[in-house]
Amino acid sequence: MQISNAEIAGLLVSALPHIRKYAGKIIVVKYGGNAMTSEELKDAVMEDLVLLSMVGVQVVLVHGGGPEISEMLRRVGKESVFKNGLRVTDGETVEIAQMVLAGKLNKNLVGLIQNKGGRAIGLSGQDGGMIRAEMKDPELGYVGEIAEIDPRPILDLLDAGYIPVISTVGFDGNGNAYNINADTAAAKIASVLGAESLIVMTDIAGLLADKDDPSTLISKVRVREIESLFESGVISGGMIPKIECCAEALRSGVEKVFIIDGRVKHSIIMETLTDEGLGTMLVKE
Amino acid sequence: MQISNAEIAGLLVSALPHIRKYAGKIIVVKYGGNAMTSEELKDAVMEDLVLLSMVGVQVVLVHGGGPEISEMLRRVGKESVFKNGLRVTDGETVEIAQMVLAGKLNKNLVGLIQNKGGRAIGLSGQDGGMIRAEMKDPELGYVGEIAEIDPRPILDLLDAGYIPVISTVGFDGNGNAYNINADTAAAKIASVLGAESLIVMTDIAGLLADKDDPSTLISKVRVREIESLFESGVISGGMIPKIECCAEALRSGVEKVFIIDGRVKHSIIMETLTDEGLGTMLVKE
Amino acid sequence: MQISNAEIAGLLVSALPHIRKYAGKIIVVKYGGNAMTSEELKDAVMEDLVLLSMVGVQVVLVHGGGPEISEMLRRVGKESVFKNGLRVTDGETVEIAQMVLAGKLNKNLVGLIQNKGGRAIGLSGQDGGMIRAEMKDPELGYVGEIAEIDPRPILDLLDAGYIPVISTVGFDGNGNAYNINADTAAAKIASVLGAESLIVMTDIAGLLADKDDPSTLISKVRVREIESLFESGVISGGMIPKIECCAEALRSGVEKVFIIDGRVKHSIIMETLTDEGLGTMLVKE
Amino acid sequence: MQISNAEIAGLLVSALPHIRKYAGKIIVVKYGGNAMTSEELKDAVMEDLVLLSMVGVQVVLVHGGGPEISEMLRRVGKESVFKNGLRVTDGETVEIAQMVLAGKLNKNLVGLIQNKGGRAIGLSGQDGGMIRAEMKDPELGYVGEIAEIDPRPILDLLDAGYIPVISTVGFDGNGNAYNINADTAAAKIASVLGAESLIVMTDIAGLLADKDDPSTLISKVRVREIESLFESGVISGGMIPKIECCAEALRSGVEKVFIIDGRVKHSIIMETLTDEGLGTMLVKE
Amino acid sequence: MQISNAEIAGLLVSALPHIRKYAGKIIVVKYGGNAMTSEELKDAVMEDLVLLSMVGVQVVLVHGGGPEISEMLRRVGKESVFKNGLRVTDGETVEIAQMVLAGKLNKNLVGLIQNKGGRAIGLSGQDGGMIRAEMKDPELGYVGEIAEIDPRPILDLLDAGYIPVISTVGFDGNGNAYNINADTAAAKIASVLGAESLIVMTDIAGLLADKDDPSTLISKVRVREIESLFESGVISGGMIPKIECCAEALRSGVEKVFIIDGRVKHSIIMETLTDEGLGTMLVKE
Amino acid sequence: MQISNAEIAGLLVSALPHIRKYAGKIIVVKYGGNAMTSEELKDAVMEDLVLLSMVGVQVVLVHGGGPEISEMLRRVGKESVFKNGLRVTDGETVEIAQMVLAGKLNKNLVGLIQNKGGRAIGLSGQDGGMIRAEMKDPELGYVGEIAEIDPRPILDLLDAGYIPVISTVGFDGNGNAYNINADTAAAKIASVLGAESLIVMTDIAGLLADKDDPSTLISKVRVREIESLFESGVISGGMIPKIECCAEALRSGVEKVFIIDGRVKHSIIMETLTDEGLGTMLVKE
């Protein structure tokens, strides 16, 4: 593509109404999947977050870390046991998970944002007592359910001009750590913060009416239509719990949820600062 | 041009380092020429200012208004007398000039910025006692030289989140109005505010080594090189006083002055938020 | 009159309870009539406003400008057509009106206040999007009705320590200017600001029971008594719309409206800082 | 005197330039003599202080209390011994002095200011550790010299909008009270606060070239002229120490000291808010 | 007792949960009785107040002064007449009371707190118009009932970091002083401030079921149980009005009232920062 | 030990002058050794930090983590190579170190502080770009030297009321992590913050003149005496670099450095809030 400076400038100006719409609002980004494993995509995501932050959006990044946790467990010779698709998490496993999430991935993301010219501080559930968790199912061990989110550490960092980068490790009153599903945590954090939008990065193009045909992308779904999409099988497998917690976020005050394709470079900016989104937008009404 | 959302997003991200560079800094834009008479260009300029303001730049707009003043003088049947290229300005003339500048052009620009989603308030020299002037030459009448600029009204509006739009009418202690050259006023205002940049919109492509060959554009000029450009005739005619007051601004603390082509749409954004400028940049060293 | 310093000091002290009453409160002054055409009265009015501002009152000045607009229309050879006492206002007429109001009268008043030691900034309806207007009657052209007042530009200037001086030109979403009746605008501005008082300067002594006998001045009128004063003819002619918008201001939260005689020097100070007012005070109850 | 409202308003306006001069500045008033014993004069002084405070002056009142202390000593049957014009002050005497000053006079003055619509809080030397004193001469007992003034309690009250009313009792590190000369204390307080003016209320018309001829009032004295006024006997007796500490205040940064006639009603307002002062003004140069 | 530094440190740490409980809260201390007459106890009380203030508690001290007033009345040869246990208070008596309270005791307490490293300012009822009183019973003279407490002077001093020390002298609109019972005043002040706790220092161990047996101390009383304690005679004599105003404070929003033994050193710290209180705690429910 | 509440209260009060000394000041605590491995000691340290924070001290905790890193390296089957007492740190080793420090130890400390009622947020070198490092010696690999400390993230957290808990992992511009010696980092952080004190927790009683005789503890050392203590061998082995960076901190503006015995419970409180310290204090002069 040959594109002139004049065209670039025109395109920048075309972002104006979108910037206006989000200025001062909170956007929570759930980060994961391919966008987190490809170095090139990772770079593009961090640039997107810094750009949003520069134009006045209050950005919060929530990340998971499945593959890296498995890799580390493998390195210490710990075999993972799964039960109904959830990892059985004994004390040693949750300790490894916490180290990988809060000690490695979180800090690397913070470092990348700083390198792109943003300002970030990483938080885990213990920081400022942010995520209080409780055991979900004794058979699954330290897999946690969120008991309460304290938004103050996040708001304090936003106020001081930082992008909070959050590892979803939770804690109970006795100091035990719990692995918390990052989708659930991101949705809950968006609710508690009264966020304008929750952006969920996935490895699919969005919801497809026919999952083998990308041209059948569903651009917009109302909360009340979700049930029938479950029934018709449009939403299935791993997408079911993802969509459920998104729906819950909408019911708790979040304005919009975007399911976007993390495999596409700069998909966050495309969704927020250009005229047409590229994934599926969930709205209340 | 066919351009995808992905490409747009990438281009937006490319503005990131530029946004960072100007965030919180003051840019004074001297507005005039074709950019002020074509409705389409005017629209594009206002969009540029609002975009800069949205991404955290402190924008100040200074405007002149030659052709509209002449037109109004003609309508009231007042003939203009010129002397050495400067209009002889009697009491009636300066009153008309003030009405056209502060009452019509200024308010129309303010209205346009508001329409594009920005917030603006217009100022003339009397507002907050901003521009104190004195007579330059009794033969020219109410053509003023700037005696002092009080930056407080401008800073108060910037602090409250407005884009100040300034008509360059000055006043003496006896309540007499003076027509002030807008280039000179813009340069002086940029100095007093300690602006990062002064952008002067003109009807030429920039300084050309050979004025008939656009390919000889001089991209960058150091203050100490200006003298020889005067001598060699590269800078001549109406550009001489323009460049002189720009040089003065650089000597008084303004970091950069851009002579840009106001006939090109979005030239301000091109100069500030894209990788390559399009006109001539003047720097101190 | 021979008056000693001791007597002056005693008189200053006598203003104490009045200062106390208004400190920190907003007073909107509708300025017009003789007080605006005589240089001596103009000077006295500006001194009054600066004094009120110095003793802690938040002063807002709203001005009209009928005679000067007519004069300028005459100079450009434009004939005015009137219909039911309202000027038929075509595009050219409203442009002239805007230039005279916002470009000449407004700035001259601002300059006078600055000269008396106050700090002022002029505002027109476009500034900060302050006065949004709509067409009243297509046959009258650009004569506007107020659709909405945004009080933020006024409050921002008051906060920054300025006396806002307001020209009552309004605008619609398409950038068209409208001439707005200054009495109506002042009353609406006082309502929106929750002003303590609205002072309307007129060329009469106040409401007179017998309009030929100044000794029949009615000092105080309750809102509910206005109707009968219309019926009895005490309020007639041009005073009818004036009193109607004052009554509306009282119903919308303004505490007191003073109809004062602008032909008397320092009538504003007399009304606010001395024991006896001199015109007619309208109150709710 | 028959004086119209119009004249009153004109006179109020005449205070404008004076108000401007003092707005936000600190004026320390040393209160004593007849102005403190006549109920009518006391009332007028308090009105003056409240008026100054209302128009934006930061007023500090410092008072002594000689006659009331003597009267109380008499009531408890304590005989006063004087030495070189200074009361020999044993432990019982200083306790009585403290009670009369801080417990009676101070609180009565505070009450009067509150009644006139001002806001006041009384301070004695212990409050906030304001006045640290040391013994001057063991033979005189608890007559103190000022070792240090801590301006913070005074500034904290001014910031919170109060008129501080100060009793000049000082304290040493062991909890002993000392009677401090109020003229000295007022001058020192004015210095430490960097006051604009110190006003000393006396029972004379000011400095007179011929003390028996009021027409020989000296309106203005420069610091360097004081010495010769001592030598020529123009300043004599009790005025010597008074003038000495005023001179010291001028040398430490106070701009002006006014010696005014406390027997004249509203003399403070006359001196500060009218065109001509009535006593003697001391200036540095 | 031989106690090691390690043990001291452990004990300091044990105060942690108590500090947490009171941080930022207001505690009003009613000071009187033996704790005010013994120099050693007085010292200990002031240390307690300064310690509480240092750990973030907002401390307010309210004091009476019965014995010192009687002593001063005796010195001026004034005989006290009592009626139903209340001193008949003529003009001279209330003047003496005010001088002793506001001029001597108050300032001495302020001085002591400053010596211990705290910051204090004394207030009497006139300061900032804090205590407005009215006559209770013409036969008793200037014995006042509280008409209204203005909490602003107290809150302004707390905000500026001072411990307000309050003499309970009240005033009416005519400048008359009234002696106010300090227990009543302290309870009312605690109510108006919305204090967390009111601590009343007495010369008894607390409420005793059998007043001759200290082992029968009642640790906790609910408001609704007070009536029966009156009836059973557990609360009798001078304790009746004391307990009545405490009950009133609880009903008006104070969380807890502590009746503590002022004869025990550091009883305030014991009550607030150690695990077990030592007197009687009154609570609402 | 049997200790009464009265004695406890007396002891609490004895901390008063110490609290005063540190109020609002910054204390940096370098945490490590036994105090970090024994659960009981760990609890006591966290209580000490929370208590200091509650009484107004600005506490910063800097921790290392040697033994836990070795243990984790062992678990993943990585053998450590040492060179001159410094671990040779390849990419895998520094990744493990970062995970253990920032992901496990840091978060566990934060959790403990929260449990004791304090508020804490953990920081690693990347957070807010706090610790920029560079390679010390290519043969040692990712062992870093501090290039620059940015104090803003620490100050922002202190301002928002948190205890910052810092893992000493540093980063270069290319995103590489470096293991930084925690003693060095703590000393540098104390310098950059202009801390009042640096407390270094060790496993010795302090500096001993005869290292086998605890009774020869040296309580106080001046910077200029350190050299001779190196020469005489009083400071030897691992204490040499520790003392060197402490001396550097003193030279850069830290007031006092305390070498304290981390094996003693509540040694921080003993050192700061009781009369006698227990270790060795280093001072400039």
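Just so it is clear, A, B, C, D, E and F label the chains in written order, and each chain counts residues from 1 on its own.
Basically, contacts are C-beta pairs under 8 Å (C-beta built on N, C-alpha and C of every residue); 3 or more make two chains touch, one makes a residue touch a chain.
In this text, all values refer to a predicted model and were calculated from it rather than measured experimentally.
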Study note, to complete from the structure: Via touching chains, chain A connects to chain C in a minimum step count of 2
Revision key, fill the gap. Those chains that touch chain F and also touch chain D are E
Practice item. Let me have the rounded angstrom distance from the C-alpha centre of chain A over to the C-alpha centre of chain E, please. Key: 57
**Study point:** Euclidean distance of C-alpha centroids - chain B vs chain C, Å
**Key:** 35
Revision key, fill the gap. Chain E and chain F have mean C-alpha positions lying a whole-number Å distance apart equal to 45
Review point. Can you list the chain A residues in contact with two or more other chains?
Key: none
Exercise for review: Name the graph shape formed by the protein chains and their touching pairs; answer line, ring, star, complete or other.
Suggested key: ring
Revision key, fill the gap. Chain F residues touching chain E in their complex are 1, 3, 5-17, 19-20, 23, 44, 47-48, 50-51, 54-56, 116-117, 264-267, 269-270, 273-276, 278
Review point. Hey, which residues of chain D end up touching chain E in the complex?
Key: 72, 75-77, 95, 98-104, 106-108, 110-112, 114-115, 119-124, 126-129, 153, 156, 159-160, 162, 169, 171, 173, 175, 177
